[in-house]
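Two complexes, one shared chain (chain A), two partners (chain B, chain C).
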Partner chain A sequence: MARLALEGLTKAYGTAPPAVDGLTLEAEEGEFLALLGPSGCGKTTTLRMVAGLVPADRGRIRLGEEDITAAPVHTRGIGLVFQSYALFPHMDAVGNIGFGLEMQGVPKAERQARVAEALRLTRLEGLGHRRPRELSGGQQQRVALARAIAIRPRLLLLDECLSNLDAKLREEMRGEIRDIQRASATTALFVTHDQTEALSICDTVAVMHRGRIEQRGTPEEIYERPATRFVASFIGRMNAIDGPAPVMTREGPLGAGETAMVRPHRVRLLREGAAAEGDNAASGTVRRITYIGDIVQVQAATPLGPLAAEVSGASPLWRGLDVGAPVGLAWSSSDTLRFPA
Partner chain B sequence: MKGALPFLLLAPALLALVAVFVVPIATIGRIALYVSEGSGAMREAVALDTFRTLFADSFTWELTRNSAHLALLCASLATLIAYPIALFLFRTESRFRPLLAILAVAPLLVSSVVRVVGWLVVLGDQGLINAALLSLGLVDRAVPLINNWTGVVIGLTESVMPYVILSLLAGFGRLDRTVEEAAATLGAPPWRVFLRVTLPLSLPAIALGWLIGFVLSFSAFVSPKLLGGGRVFVLATEIYDLAMQAVDWPAAAAMALYALSLTLLVLAAYTVLTRRVAA
Partner chain C sequence: MIFRALVIAAYGFLLAPAIFVVAIAFSSDRFLTFPPPGLSLRWFATLFEHEQMMAAMQRSAILAAIVTTLSLAIGVPAAYAIARLRFPGRGAIFAALTAPLLLPTLVVGLGILLVFFPYGLAGTWPGLALAHLAVTLPLVVRIMTTAFATLPPDLEDAAATLGATPLKVAFRITLPLALPGLIAAAALSFLISFDEVVISLFIVGPRLSTLPVEMYRYVEGHTDPMVAALAVVLILLSISVVLLVERLVGFTRTVSK
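For the complex of A and B:
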């Protein structure tokens, strides 16, 4: 339960470009912060530096008032849930969860009470005497989580800990992790490459790219006002139009060497002959029609390049539309972002 | 035809096994039932006389104790020394790892007789160690490191160590770095990580390495014979003496079978124990 501040954290493996490159990031006390980025962008390396498992080449790590950059792993009091869970195969669930308390020298009676509490929080009652190999993936995941929170960590780190679970269980666990984190008011850093996961459960999202933080903000800020071209294209779906082109953006007309971006669900689909409204428009022919859940995406070839519009599956707009049919597309400049290419 | 194919493919291996293993043991078994005459001649028979003499002789029990003692000592010493080496080899990310692994098992590439001669040079009264001790004034007389039990233990431990290292490496399967890291994040300092995680998870490897070391030391002949200076008596050296010096083949055969069954007993005990622990 402390504020985490990373300042200019850098780590290079061998001669390759640094895996983490001058990363600066803060998590407020009790905040549930997602570290979101594509695979290989340095998320795990960052987490391992915070936990103390990998020494940082440069930069500082502060936890609360303390500078822990050089502190040995076992003195940090940071709970880490590994992607592979890393449970002790030779101990049962109780042994796993109680291990950290034993290391802290918590007396046996209190230890038993706290293990029971952790088992209850993670809904593992009755499974305490099973070894990891006698537990399902979801149960192992819970034991790993229980083990990390049982020590009442100052900071909880979760490394893609849901990615080995099936979709339904993953959604369930997301909510549970969120509840447990809230109840204990522990500062948590949740690493994921899954944007839905990050946007749906975290207070704040930090988008990471090539070892740096590109943007930190609430899920809404990240989605509606992406700060960089990378964030815009990584989060959600995006149309990109390379300038120069007759397109108005929030920041003005699109010039040479710039790219305009607009989300497909902000683009209106117009049947042939309908009057275009809004300050951006293009006409083209339908290339492909795709169902995405209860949304239908219509992709069209236009003079501005390929553009997609999304409409509700219930909408009459796309009915009877075939590949090759002429359509109009219109969107507002206030929904259009501009980035240097 | 389809059902016969696996047997056809296995046939060469089976034939080789029969030729080099089953036939000699059967022959030894047969000879053990012959009777040695007082004159030293061997009479064809099916009799248990030789075994009766063998088990009645208190020297047999002394040899058994010596062999077991030597094997216990060498297997334990070899495992103790090999464990950190194997652990290092298992974990190192050095690009010299293959080279280091070869170095660790290099003694296997050298004939055991050559290795023993090497030990003579190192351990003898005028050998490296004594020369160093004497010139440093740490001792007034050469320490007897050879032609006695000390020499045999040193030489045999060294000669079984490569096998122990290989068995340990093969047994380290369950050892996982991230599990040790998890223990560290939970507040365990390095020595507690070792005692609570590394050691328990490498117990199967240790048991396997120790067993290999024990079985090899128990049946070792070259080291006790050449480094023992005729003062170290174990089952293997006695079998050799009976067969080659006394030319009492039935007695040698009986003792060989006895030694072999002791080894099998140890292997059986290991199997039962590891099954029980795994269950």
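For the complex of A and C:
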């Protein structure tokens, strides 16, 4: 339960460009911060440096008032939930969860009480005497979480810990992790490549690219007002139009050497003959229709390049539309972002 | 069907010498004849009253225990360093530690004698123990390197984040999980040292010799079935060690892993 501050953190492996390159990032006390980025962006290295499993080449890591940059792993008091869960196979759930408390020298009676509390929080009552291999994936993931929070960590680190679960369970666990984090008011850093995960459970999202933070903000800020072209294209789906082109953006007309971006769900689909609305429009022919269930994506070839529009699956607009049919696309300049290409 | 017959033939070929030895051990005859003219336990009685042989057996057991302890004490940390740490010369150290496995024991024995003799190590306990280590240590390093390399490093990292000091990690996580390998390495070290004859022949002295060497010398001068009786005792000992390991961890699993 402390503030985390990373200052100019750098780590290079061999001669390759640094995996983490002068990264500066803060998480306030009790904040749930997502470190979101594509694989290879350095997010796991960052997490391992914070945990103390990888030494930093340069920079500082502060936790609360303390500089922990050089502190040995076992003195940091940081709970880490591994992607692989890393449960001890020779101990049952109680043994796993109680391990950290035993290492801290917590007396047996208190240890039992705290293990029981952790089991209850993670809804594992009655499973305490099962070994990891006797537990399902979701249960293993709960034991891993219980083990990390049982030590009452100053900081909780979560490393892609939902990626091994199936979609439905993942959604359920998201909510649970969020509730547990909030109830304990633990500062948490959640490393993930899954934007839905990051946006849906975290207070703040830091988007990482090539070892640096591209943008830090609330999920809404990141989604609605991406600061860089990378963030815009990494988060959600985006249409990109390279300038010069007759397109109006939030910041003015699109010039040469610039790219305009608009989300497909902000692009309206117009059937032939319908009047264009909004200040940007293009006409083209349907290239592909992708039915995703609740939404349908229609991709069209236009003079501005390929553009996609998304409509509700229940909408009559896409019904009867075939590949090759002429369509119109229209969108507002206020939904159109402009970035240097 | 053909496969079955082949398997039976192969086992028969491997076990045939043992079958002969066991049969002769219970012979009532004074010579190594097959089939034995009658059955008796007289050669077991002779064996257990043979002071020189019994003393050699005790020495070999003590030596094997010392060699096993030393092999584990040196080999386990070395294997851990090779499997887990990245340091310059790691590959070279692994190669050097396991190379004796590839050499004919005769060559190893001669080499050891040439090196040990000037230091007065030949015919001494430390000399014998060191000579046996040349065979058992590579084996322990080999088995334990594999055992440690197959442990996910995340488990040790997880223990460390939970507040375990490196020593606690070793004793609570790494070694318990490597236990099958440890037991296999200990059992093989013991059996190999207890059984080792070629290198020992170079190193033993007039007053300090091991059981296999005594056996070797005995058959040079005698033709009675006492050695066969001793062989039966040794076979039973080996089987009980294997059964014990099997019982503890599953021998087949640990050795083939």
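Rule of thumb we're sticking to: the second predicted complex is superposed on the first by the 341 of 341 C-alpha atoms of A that agree within 3 Å, B and C clash if a C-alpha of one lies under 4 Å from a C-alpha of the other, contacts with A are read in each partner's own complex, and residues count from 1 in each chain.
Heads up, the rule we're going with is that contacts are C-beta pairs under 8 Å (C-beta built on N, C-alpha and C of every residue); 3 or more make two chains touch, one makes a residue touch a chain.
Since the model is a prediction, treat every value here as computed from it, not as a measurement.
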So if we stack both complexes on chain A, do chain B and chain C clash, or do they fit?
clash
With both complexes superposed on chain A, which partner does A:M173 reach: first (chain B), second (chain C), both or neither?
neither
Check whether A:L135 is in contact with chain B, with chain C, with both or with neither, and answer first, second, both or neither.
neither
Is A:Q104 in contact with chain B, with chain C, with both, or with neither (first, second, both, neither)?
both
Identify the partner contact of A:V247: answer first if only chain B is touched, second if only chain C is, both if each is, neither if none is.
neither
Overlap of the chain B and chain C interfaces on chain A comprises residues 51-53, 73-80, 82, 84, 86-90, 99-100, 103-104, 147-148, 151
Interface residues, chain A side, partner chain B - complex:
51-53, 72-80, 82, 84, 86-90, 99-100, 103-104, 147-148, 151
Touching chain A in the complex: which residues of chain B?
174, 176, 178-179, 181-190, 192, 196-197, 200-201
List the residues on chain C that touch chain A in their complex, please.
152, 154-155, 157-166, 168, 172-173, 176-177
Chain C touches which residues of chain A in the complex?
51-53, 73-80, 82, 84, 86-90, 99-100, 103-104, 147-148, 151
